[in-house]
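Notes for the one structure printed next.
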Amino acid sequence: MHRPAENVSAIADSIFESYRLERRIGNTDGSILPSKEVIGSVCESILELLFPGVYGEEPITSPHLRMVTGHRVRGVVTRLTIEAWKAFQITENRSSAAEIEQAVLRSMKKVPEVREVLETDIEAAYRGDPAAAGHDEVIVAYPFLEAVAIQRVAHLFYRENLPVVPRIMTEWAHSRTGIDISPGTEIGSHFFIDHGTGVVIGETAKIGSNVKLYQGVALIARSLSAGQALHGQKRHPTIEDNVTVYSGSSIMGGDTVVGAGSTIGANVFLTHSVPPRSVVYFDKGKLQIRSKDNRPGGVIEDWAI
Amino acid sequence: MHRPAENVSAIADSIFESYRLERRIGNTDGSILPSKEVIGSVCESILELLFPGVYGEEPITSPHLRMVTGHRVRGVVTRLTIEAWKAFQITENRSSAAEIEQAVLRSMKKVPEVREVLETDIEAAYRGDPAAAGHDEVIVAYPFLEAVAIQRVAHLFYRENLPVVPRIMTEWAHSRTGIDISPGTEIGSHFFIDHGTGVVIGETAKIGSNVKLYQGVALIARSLSAGQALHGQKRHPTIEDNVTVYSGSSIMGGDTVVGAGSTIGANVFLTHSVPPRSVVYFDKGKLQIRSKDNRPGGVIEDWAI
Amino acid sequence: MHRPAENVSAIADSIFESYRLERRIGNTDGSILPSKEVIGSVCESILELLFPGVYGEEPITSPHLRMVTGHRVRGVVTRLTIEAWKAFQITENRSSAAEIEQAVLRSMKKVPEVREVLETDIEAAYRGDPAAAGHDEVIVAYPFLEAVAIQRVAHLFYRENLPVVPRIMTEWAHSRTGIDISPGTEIGSHFFIDHGTGVVIGETAKIGSNVKLYQGVALIARSLSAGQALHGQKRHPTIEDNVTVYSGSSIMGGDTVVGAGSTIGANVFLTHSVPPRSVVYFDKGKLQIRSKDNRPGGVIEDWAI
């Protein structure tokens, strides 16, 4: 069968024409969306501000560090103000560039407080993980710290009601760490996530102090079929102080409270509150073990369900 | 114990000599493998073509956008033709550069159609997630969209029988999003994956319209011990229209069909078909909850299995 | 409510002052931590050394490859010696730069042996996955190979007792692949991880030959509340030869041994040893399936737990 040769220009034209159609991803109203690349570079600057000498090329001992710090703050404020301004254009609210800049500045003013809380997270990781050789290893090697550091700063912008940008920040960290924490989540001190890949923490979850999570833990919403009708309501659980949740467990629902001092075993699916100091686990009576060598007829299956 | 000093040149020579051995990763037949870096840059260009103004530096309002679009298409076609040509050298099939270029062009001609389907995916995400403040937030912040956009384009190349390159494309997206969709998977409209990390969707899976998956869902093959003997057969399940699968569930087998309108609960392991409008979940009678304070002898374990 | 304007310089000063406080992340003792960026670039060079022509821009057929190989080895040795030297400054042990360089050189001398073992990993992936069209596809497209390649080299440095740096290397691969293998893990030949996202393998795990893991498998430690007291003890399981572990299963404890030839089903939580040739799975009697159309009163819930 003969097929006619395709032509690059014609293809480019048809793609270009599709941008002009009245559709969402054509941006035909001329709105300019925030740039993922720029916000990613802002996240890198924020890590440099939080952990100088670890991120970025300027050693902590540099005589230029004060000047470099000023440069970094200025760069974050300028870029975030522009990106947040773009984000406001695609929402129903409006805010002037001057107001946005003040909101960014108020948030950045709290960076020293964020550094104090991150100290407690590092301490919790060191205490909780026998593989950690020291606090510094936590800083340079543990992915949860990157995810939590970005979330704690993004949460400042979230509380200033800057739209979309905080979420792009936490998704930047999600992409690097496999840890997906909403910028809306409230998190206490001494927070530690071990390994981390697959962790999901929803927008309205509340997490107390000294909480430890393992990989694959999800703090999620119930009744998701209601969709947009639930926007703004508390949909995700509350985890009180001194709780440990082992790998792969999901805790669901906005009125679910895991009481202080509780331990949730692995692969638990918990949809209601438990009192303080609970231990929650699956009955282990159901694990089946048989030998491949005792099959009737001598047939050995590698795996059959 | 005295150890003799090692020498950089001697080490380099021994590594270099190992390249000349008759082994796979020595490439001693002179074959040149496709470059992951180049295909990664092609994926970036494809995202720029699909979502101009969001990816890439050219604003959607730019008077240069038509020219830039042509430049992007040309770049994708040139680079993919070269990489696919390399890929053909390592398979048993052969194809001329001219034939490969035509296959790439035929695929790229369908990019406007892919954009139409992606509109429906964005709509599904907005409808399904109360955390989404608007359609634009989905475009700039939701990782599933990046994974699905790359998969939908890679699937065009897969259907043109271009070897290896489509898989490198979806693995590029997997690395960024934690979502692993084979380029072979057929996916209907209005597809949404929430959170996404840990999702695995196999080569011969078929997914209807209005399907919603959560993080950690796997659509996988049975009897994997048969290995290469199964190459080309339908090994992965079929998910009909309007199905939701909650987090961590695995659905297995090429003849497994999840009927339209069904809901699969979290952490289910399903290995057979279910009729339309089924609800599938684990019996919840087995969750054990005890207090840490009521242990005989007063001993409190933090965790014991 | 009037809020006073914030000032970039004042904010930068307060952040800078926070670096001078007596805290861990202030690095006030002048210690310089290893750079994640530099160690990431070392990992890229190591992939180029292991898989020339696939990673890096120099084709395998290049007449310059011998020279390029020498340059790459020299670059790795120089950068790793410096970063490991920094890492020693933050531990209780000390080592001279000359001793560190010799340890790095001794490790690099074993790169050809690592290449030989990686050949067996590629062979195992090709044999085990019907989706693989050939060995070369495994090399260019399978994320597990990147994670295992970096782990096998990092393990050489780990055995030379270089602190922190090996862990930063495996976390670099974790970020790219979602596969988290400790540099301490001992791994036999013909190792294959399919899909891989969410896999966690602890520091003292031992893995035999011909072991195959799926996404989300965790080889983890028991009694983690003991924390630092367990540093250095065997805390993670032993997996003997020819074992397959399906997706989402966790195997726990330093004295847990999975006997040779065993198969562990999906989503199993195993906390004790099983003899050779065991098949371990959950009783499947507990899956509940009901129709949405047979609800008393005619009410149809989409999902209710």
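Just a few scattered comments:
In this document, chain identifiers A, B and C correspond to the written order of the chains, with residue numbering beginning at 1 in each.
Just so it is clear, a residue touches a chain if its C-beta (ideal position, glycine included) is under 8 Å from a C-beta of that chain, and two chains touch if they have at least 3 such contacts.
What you see is a predicted model; the values in this text were computed from it and never measured.
Under half of the residue numbers found at the chain B and chain C interface occur in both copies, marking it as a different-residue contact. Fitting chain A to chain C on Cα positions gives a rotation angle of 120°, stated in steps of 5.
For the pair chain B and chain C, the distance between mean C-alpha positions equals 20 Å. Multi-chain contact residues, meaning those touching two or more other chains, occur in chain A at positions 178, 197-198, 216, 224-225, 244, 248, 267, 282, 284, 286, 302-303, 305. On the chain A side of its complex with chain C, the touching residues are 49-55, 57, 59-61, 65-66, 69-70, 72-74, 77, 102, 105-106, 108-109, 111-112, 115-116, 118-119, 122-123, 126-137, 139-143, 176-178, 194-195, 197-198, 215-216, 222-225, 244, 247-248, 252, 266-267, 271, 282, 284, 286-293, 302-303, 305. In the complex of the two chains, the chain B residues touching chain C come out as 3, 5-9, 11-19, 23-25, 27, 30-37, 90-91, 163-164, 167-168, 171, 174-175, 178, 180, 182, 184, 197-198, 200, 202-203, 216, 218, 220-221, 224-233, 235, 244, 246, 248, 250, 261, 263, 265, 267-270, 274-275, 277-284, 286, 302-305.
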